[in-house]
Amino acid sequence: MSDLTDTTPGWLSQDELEVARSRMPILYVEAVPVRVDDSGEVTKIGLLLRIGPEGNVSRTLVSGRVLHHERVRDALLRHLEKDLGPMALPHVPASLQPFTVAEYFPTQGITPYHDPRQHAVSLAYIVPVTGDCRPRQDALDLVWFDPQEAVSPEVQTEMPGGHGFLVRQALAHVGQSAS
Amino acid sequence: MSDLTDTTPGWLSQDELEVARSRMPILYVEAVPVRVDDSGEVTKIGLLLRIGPEGNVSRTLVSGRVLHHERVRDALLRHLEKDLGPMALPHVPASLQPFTVAEYFPTQGITPYHDPRQHAVSLAYIVPVTGDCRPRQDALDLVWFDPQEAVSPEVQTEMPGGHGFLVRQALAHVGQSAS
Amino acid sequence: MSDLTDTTPGWLSQDELEVARSRMPILYVEAVPVRVDDSGEVTKIGLLLRIGPEGNVSRTLVSGRVLHHERVRDALLRHLEKDLGPMALPHVPASLQPFTVAEYFPTQGITPYHDPRQHAVSLAYIVPVTGDCRPRQDALDLVWFDPQEAVSPEVQTEMPGGHGFLVRQALAHVGQSAS
Amino acid sequence: MSDLTDTTPGWLSQDELEVARSRMPILYVEAVPVRVDDSGEVTKIGLLLRIGPEGNVSRTLVSGRVLHHERVRDALLRHLEKDLGPMALPHVPASLQPFTVAEYFPTQGITPYHDPRQHAVSLAYIVPVTGDCRPRQDALDLVWFDPQEAVSPEVQTEMPGGHGFLVRQALAHVGQSAS
């Protein structure tokens, strides 16, 4: 989970968010941005380059919380726009059935996912993007990778907390053996 | 959503829960209990008969919150055991991919689902049950319905808040036209 | 199943097709064309108006066989183009996981689907379409329906062989209660 | 695809099968047999040890054709019983939605799957098995592997034709990072 600086006004104060995070699972959405060809086959995967609070470089996916009284599909669209810019033209799926549910625990080893800040449960979607991506906010850049590159050891080690596995799950779901 | 009396110790106090409910979506799991034949085909759907706080009779599904630091599959198992008893022998699915995500809003009309108490987002699963079901807690009884009966106007009107639609979605997902 | 006049050159002769149909299940793809809004929500369903060999009017979905050495996604694209025209701009899904598998039997009552000509097994997908649809071949017209209209008794009776149920399944899958 | 010796009486003669295989895709079902714990989590994957016509050893999944006028779920059950014996107690899924559709082409490189004999399209399911497995027919043995072992290079090289990838897809679908 990566929205360290998500400070949507009018929602939880930082204090309230801390309390909530210590008491209940927080609902997230995650999107794996992809380029597809005319037949729908995935040709590229988009990964965001981020610099964490300690200056560490990491690659991540589009992700963020679902707010109170916000539909999942509106949260997806909002985070896609936040992370990819207003010209990305993402195709939010017609069905909310996610390709997987990623459970991020503050304790490592319970699931393949880990988030030291919180217990987050994330609905994960593959989202074809046809427009121009111009990351904003805390993301430095969006880089498009071939499926093989996205699962290479180099890139996978830059995706901590289980995000590397989530990319492998997404590729498995779209039938890309990436090898 | 139906677990009005869920009072798991050590979690949220009633006050804290009220605050959380007014600030963020609450993560739920829901299970549609079914009987299947050897080939996996659904032959019956199990609905819980409940008496609400004002004495109103309604039919509902197995449902409840996911707790902090609890896996989705453990929450499913816990609520199945809570609602169907310890001898129900539910088959929790190997994959967490739900057949749908049901979004219950306190405001009616945003989605087909409605919960006046809260904004709940529920991961919905079809769960074959092979053992003896003995409802506990606030459920009076579990009744097994033929697919056709479960979608009949009589039964559907006893399933408010979108639960009737969730049953129709479950039947559509398993390929039962129920007509 | 509706491609009564599918005569792709270089494939099976009509005689060979008859033999194959009497001996093994025939693999089909089906697409439910939809219009979606920016958040991916389905707003319209497209149904093809067809006139059968005996002059009977019916509404149907995009469907057709998968050919030898043809990928499922290429078959989907080919039938979408055949039935909706070259400017329809269909978004073939990134994942081949269908929302359902429809089994059409020559004998009625085994499944909700029926095709007197053959045993066909169809992978069914929801396909957002953003361009102009100009049906060709044997389809007279493509009509866009609101979800409620698509499941109305009037329209459902014009969709024999289980296609009406397939539309209801598609709407259930995208979370449209259509009532 | 592995049912080299499938000789179900009353279906296609070997000659007819050869003709069909050269003209149209053949519909298959495949099952990944798994052991699960009470919460549904996959703990083991079952692989069949087979000796091919040239004496080569390979590991494979439960798979086979869908016959004319046979339901997909009946084909699944039949092949599970054929490959795992009558006491295996497989839990055929309630929904026919497969976790993936594997397309085996006689030409390599079109998809991750390959079958030199034919163009086969396979609906793939994860099937929990709770009983005793006693392989029959041409399978020598069923061996249960930890998820990590199943994706190890040693085991993966014994699963040609894309079956190794199919196992990785199945594990990704059930949320097992296997690393």
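Going by the order they are written in, the chains are A, B, C and D; count residues from 1 in each one.
We adopt the following convention: contacts are C-beta pairs under 8 Å (C-beta built on N, C-alpha and C of every residue); 3 or more make two chains touch, one makes a residue touch a chain.
Note that the structure is a prediction, hence the values are computed from the model and not measured.
Q: Would you kindly count the fewest steps from chain A to chain C, each step being a jump to a chain that touches the current one?
A: The fewest touching-chain steps linking chain A to chain C number 1.
Q: Note whether the interface between chain B and chain C is symmetric in residue numbering, meaning over half of all numbers used appear on both sides, and answer same or different.
A: Chain B vs chain C: same; shared/all numbers exceeds half.
Q: If you average the CA atoms of chain B and of chain C, how many Å lie between those two points?
A: So the centre of chain B lies 33 Å away from the centre of chain C.
Q: How big is the gap, in whole Å, between where the Cα atoms of chain C centre and where those of chain D centre?
A: 28
Q: Give me the residue numbers in chain A that touch at least two other chains, ranges are fine.
A: 71, 96-97, 99-101, 111, 173, 175 - these are the residues of chain A that touch more than one other chain.
Q: Under the definition above, what is the set of chain C residues touching chain D in their complex?
A: Touching chain D: residues 11-12, 16, 20, 22-27, 65-72, 96-101, 103, 105-107, 110-111, 119, 121, 123 of chain C.
Q: Where on chain B does chain D make contact in their complex?
A: Where chain B meets chain D, its residues are 34, 36, 38-42, 71, 73-74, 76-77, 91-97, 99, 126, 128, 173-175.
Q: What does chain D use to touch chain A in their complex?
A: Within the complex, chain D contacts chain A at residues 100-102, 111-112, 162, 165, 168-169, 172-173, 175-177, 179.
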